[in-house]
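The same chain A turns up in both complexes below, where it pairs with chain B and then with chain C.
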Partner chain A sequence: MLNVAKAIVYREFAWFKRFLSDYVVLWILPLLFSLGVVFLPASLSSPTAVVKNMGMLYGIEMDLKTAYSIALMFTGIINVVAVTISDVMQTLFAEFRFMEVGIMILEATRFAKYIIINAVLRPLIMTPLVTAYMAPLLLYLNGVEGLLEFLIVEAILMLTSVALGLYSTIFAVPLIFHTNVSRPWTITSVLTPAILAGAGTYIPIELVPQVLRLVALTTPVPETCKALYTVASKGFPQALSTFGAILTFSTVLYIAVSGLLSKRAEVKVRRG
Partner chain B sequence: MKSYVSREGFKKKRIVEALRGVSFSASSGEIHALLGPNGAGKTTLIKILATLLLPDSGVAYVEGYNVVSQAGDVRRVIGVVLDVSKGFYTSLTGFENLMFYAMLKGYTYSDAKRRTREVLELVGLWDMGVHNRPYYTYSLGMRARLSIAKALLTDPSVLLLDEPTLGLDVESAKMVRRLIVDLAKEGRTVLITGHNMFEIEQIATSISIINGGKVVASGAPQDLKQRLGLLHKVVIRVEGRAREFLSRISKTIEISSAVVEELGGVSRITFYAKANREDVIQTVLEALSLVSAKMVDFVFEEPTLEDAYIAVVSGGHSAERS
Partner chain C sequence: MIYIGFQLAKMHVSSYAASIVSSVLWFTLMFVPTILFSGLREQALFLLAPGGYAMGIAMSAMWVATEFLRWNVYHGLTDLFRECGLNVFHYLLSNSIVDVIFTGFIIYSLSMVMASAYLGINITTILPARPVYIALATLLAVPVYLLVGALIGLLMASTNIGGVWVNIIQILTTFGTVVPPKIFPSPWIALANPATIVAELFRAGYGTNTLPLPHLLIMTPLLIIVYTIASMWIGLLCEKRIARYGMEYRY
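Now for the complex of A and B:
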């Protein structure tokens, strides 16, 4: 198990070096989004009105800094969901369907072991890399307390990303080994916005259609969003314990399902 | 034995028997070639021996380990090359791909680095300076070298190579052939498949011809040709008594399609002999002395492995070693 983990970590950092420019884009786009959430309405009306409206929507007292912190933290979850869902699924697809790296993996280890470790480790490594831009900004906005906020948010996002990596694997394994689908991005490009919209990331949850909310409820992302409100509004950590419970339940469930699917896929692959 | 379910249309399925009772053995230092037409089952056999596929029935051993029940032990002693054109991460360099594989195989970071460099040097990629270039920029020859480097990374005693020179240019194919022979000389067992008969004849010490999922002929290349009773083409130019000379030869060895052409004072005799090289030469020399003719030229063309292969695959010959 340690061998597989070492190999995946090595490969991930090699990829990071090669695709640094992709990460820079991943840092810039959310920044623009978070600025847009606060400053675009503020420029159209007034900062006071924006803060008042956001406070009403999220049900918490806030000032401009809190509003911006919330917007910034939400860009984190957007990045994490988008990168984890699409990258885990599409990379697995490319490994086994296009590049046929699967042979190299099957020569060295058990397939199910690789899939599960990959689903856990990749998001753990990618999440800090795609959300690194939040640290200096939260520090600038809220001082040392902002840095503490960043560490808590980062922990929440990393734990969520592990569950999402496993969730993505549950879709990826049957797709790769039991279907003739050859364009996995058509699935990830539908799934990612559905989860984010259904969790109330873009618009308040009350305004989201029920079907999208149901899609989002198959993941821990709605609870992650609530946990992020709590951190941003420095509220009672009750939401964090609910988040922890739901996340643990989801992760265990996803490990069981993705492990079972991976084992079945290995049998299929080895039987030809 | 190995069968596949082949889907034809939406619901219709067909069972395809890829292998039906293949049996052969290869010993240390031997280069054993598996020949056969496309779809004969060569790659399936390599994949079973590499533990990548499970056989439906039957047993196979590599270095004494059962490929099904002791798959982990088998994986420790083998190196595999399957489809030299792919099998690596396109965005990683050759070096990074091998590092990833070495770590999967249990090497520490520093050992993986050392061993990766060693094998890249062995196959010439390090000296070419391309080890730090992304895999997608590699030519087919470089990809083949990297595949062989990967197979050698764990210093295996058995190499399973599926068409390692497919699509390579002359220089790269020559390099790969030389490397395979050197590896066998070091005491490794090499199992190789291919369609290039010239190449296989040059390097293989033994051959199994597979057709329809079964071994239809096996043995050393020379033995195989002999046992199939293939004809040698003989062209002799003699001065004087050519017809009597030919008649003498035909009394000792079986010949066919004999043609005598008179070219001034010299006769050119062409015939096909069903005998081994030594017997043909001996008979020709005896006949010459008996009829007192003078030989001015002698050309002896041995049947090639390709002739043997065609005879077995299309002619329905069976040359299984008893």
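Now for the complex of A and C:
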């Protein structure tokens, strides 16, 4: 188990060094987007109107600084969902269908173990790497309290990413071993925005059409968004305990399903 | 070339379908909050959505150009293209009709329908008052697509930038398109982005353009000619550079 974990950690850091420029893009794009989501509507109407409208939608009184803090924190969940869903699925796909290293993995360990460790460790490593840009900005905006907010947000995002890693595996295993799909990105490119749009992300989930909402409700992302609202608006931590309960339930469910699927896939692969 | 473009699109129909659905969902994720936060509803939608169309065209051109230089270098096909007298301009031309007219318009129409569902506005409200300007914008979008793609192709062939830096350059295309020219000290500055005029003509269909319509109408035929010739010339320059110095595969 430890050797598999060490191999995955090594792989992740080697990839981080190799694809550093991708991470720079993943830091710049959310910054621009968080500015855009507040200041673009402000340029069309006025900053006061934007703060008032955001306050009405979220049901809290806020100032421009809080509005931007919320906008910034939500970029974190966008990055985490995009990276986790896409990378967990596409890495497994590449390893077993393009690079043909699947046999090496199966010689070294059991498939279910590899799948679970990959689904848990990879998001845990990548989440801080893709959300690091938030720390200096929240510190600048809200002082020491901002740093504390960042740590809470980071914990929420890391827990969510583990659940999403397992969720992504549930799609990846049948896709790789039981279908002839040759373009996995067609699935990840739709699933990622469907989850994010379905969860509302920047708007309350009640405003989202039912079909999209149902897609998002198969993941803990809507609860993550509520937990992020709570942190940003410094509200009552009730939402955090609901988030914890739903996340625990989802994680256990995903482990059970992905474990079952992995075992079936392993039998199929070992039989040839 | 256009026939080849359609055949390529048929080969990659699942990727096109995924790209359409994905773009519509990203539109709702990014633009619906912006529209709701502004409090301007229809007015904000008619300002932002045409900008989204123009930005999508420019971004798509950059993806196609980088795809040409990345995958064809990787597969060793650039020499084959050269022997047939083809370059990045021709590859862009083959994709232009599918990307600008079909994919671009389907994404735009579906995004407007989704936005109307979110905002609770009547679907007939999203129909443009003056569709002729939208047709004109679409016509101009083809040379803009060719120019932007050829420019990024030349940039990739003559510098060491990788695909991810192209993503950052793509963000610059938001200025003048999604970010309307009215926020600039002088709105004419926004024309530095070739896609701005497509967005403004598209907005004219809804009467939300910032730049004066008579000026846009005078510039349109001139820019169609200038952009087409410029993109052909830039495509040749790009090809000459690759022929002389070669090009390494870059992620």
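Everything below uses one rule, namely that the second predicted complex is superposed on the first by the 269 of 272 C-alpha atoms of A that agree within 3 Å, B and C clash if a C-alpha of one lies under 4 Å from a C-alpha of the other, contacts with A are read in each partner's own complex, and residues count from 1 in each chain.
As a convention for this text, a contact is a pair of C-beta atoms (placed from the backbone, for glycine too) under 8 Å apart; a residue touches a chain by one contact, two chains touch by 3 or more.
Bear in mind that the values here come from a model prediction, so they are computed numbers and not experimental data.
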Exercise for review: After aligning the two structures on chain A, examine chain B and chain C and state clash or fit.
Suggested key: fit
Exercise for review: Could you tell me if A:V211 is touching chain B, chain C, both of them or neither one (first, second, both, neither)?
Suggested key: neither
Review point. Which of the two partners, first being chain B and second being chain C, lies in contact with A:V252: first, second, both, or neither?
Key: neither
Check your understanding: Roughly how many degrees, to the nearest 10, is the angle at chain A when you join its Cα centre to the Cα centres of chain B and chain C?
Key -> 90
Check your understanding: After superposition on the shared chain, which partner residues are touched by A:R183: those of chain B (first), chain C (second), both, or neither?
Key -> second
Review point. Once the shared chain is lined up, is A:V101 touching chain B (first), chain C (second), both, or neither of them?
Key: first
Review point. Does chain A have more residues touched by chain B or by chain C?
Key: C
Practice item. Rounded to the nearest Å, state the minimum C-alpha distance from chain B to chain C in the superposed three-chain model. Key: 10
Practice item. Show which residues of chain A both chain B and chain C reach, each in its own complex. Key: 19
Revision key, fill the gap. In the complex, chain A touches chain C at residues 19, 21-22, 24-25, 28-29, 32-33, 36-38, 40-45, 49-50, 52-54, 57, 78, 183, 185-187, 189-190, 192-194, 196-197, 201-203, 207-209, 212
Exercise for review: Spell out the part of chain C that touches chain A in their complex, as residue ranges.
Suggested key: 14-15, 17-19, 21-22, 25-26, 28-30, 32-40, 43-44, 47-48, 114, 117-118, 162, 164-165, 167-168, 171, 174, 178-180, 182-183, 251
Review point. Which bits of chain B are touching chain A when the two form their complex?
Key: 2, 4, 18, 44, 47, 50-54, 75, 80, 82-83, 86-93, 96, 99-101, 103-106, 109, 134, 150
Practice item. Could you pull out which chain A residues touch chain B in their complex? Key: 3-4, 6-7, 10-11, 14-15, 18-19, 95, 99-101, 103-109, 270-272
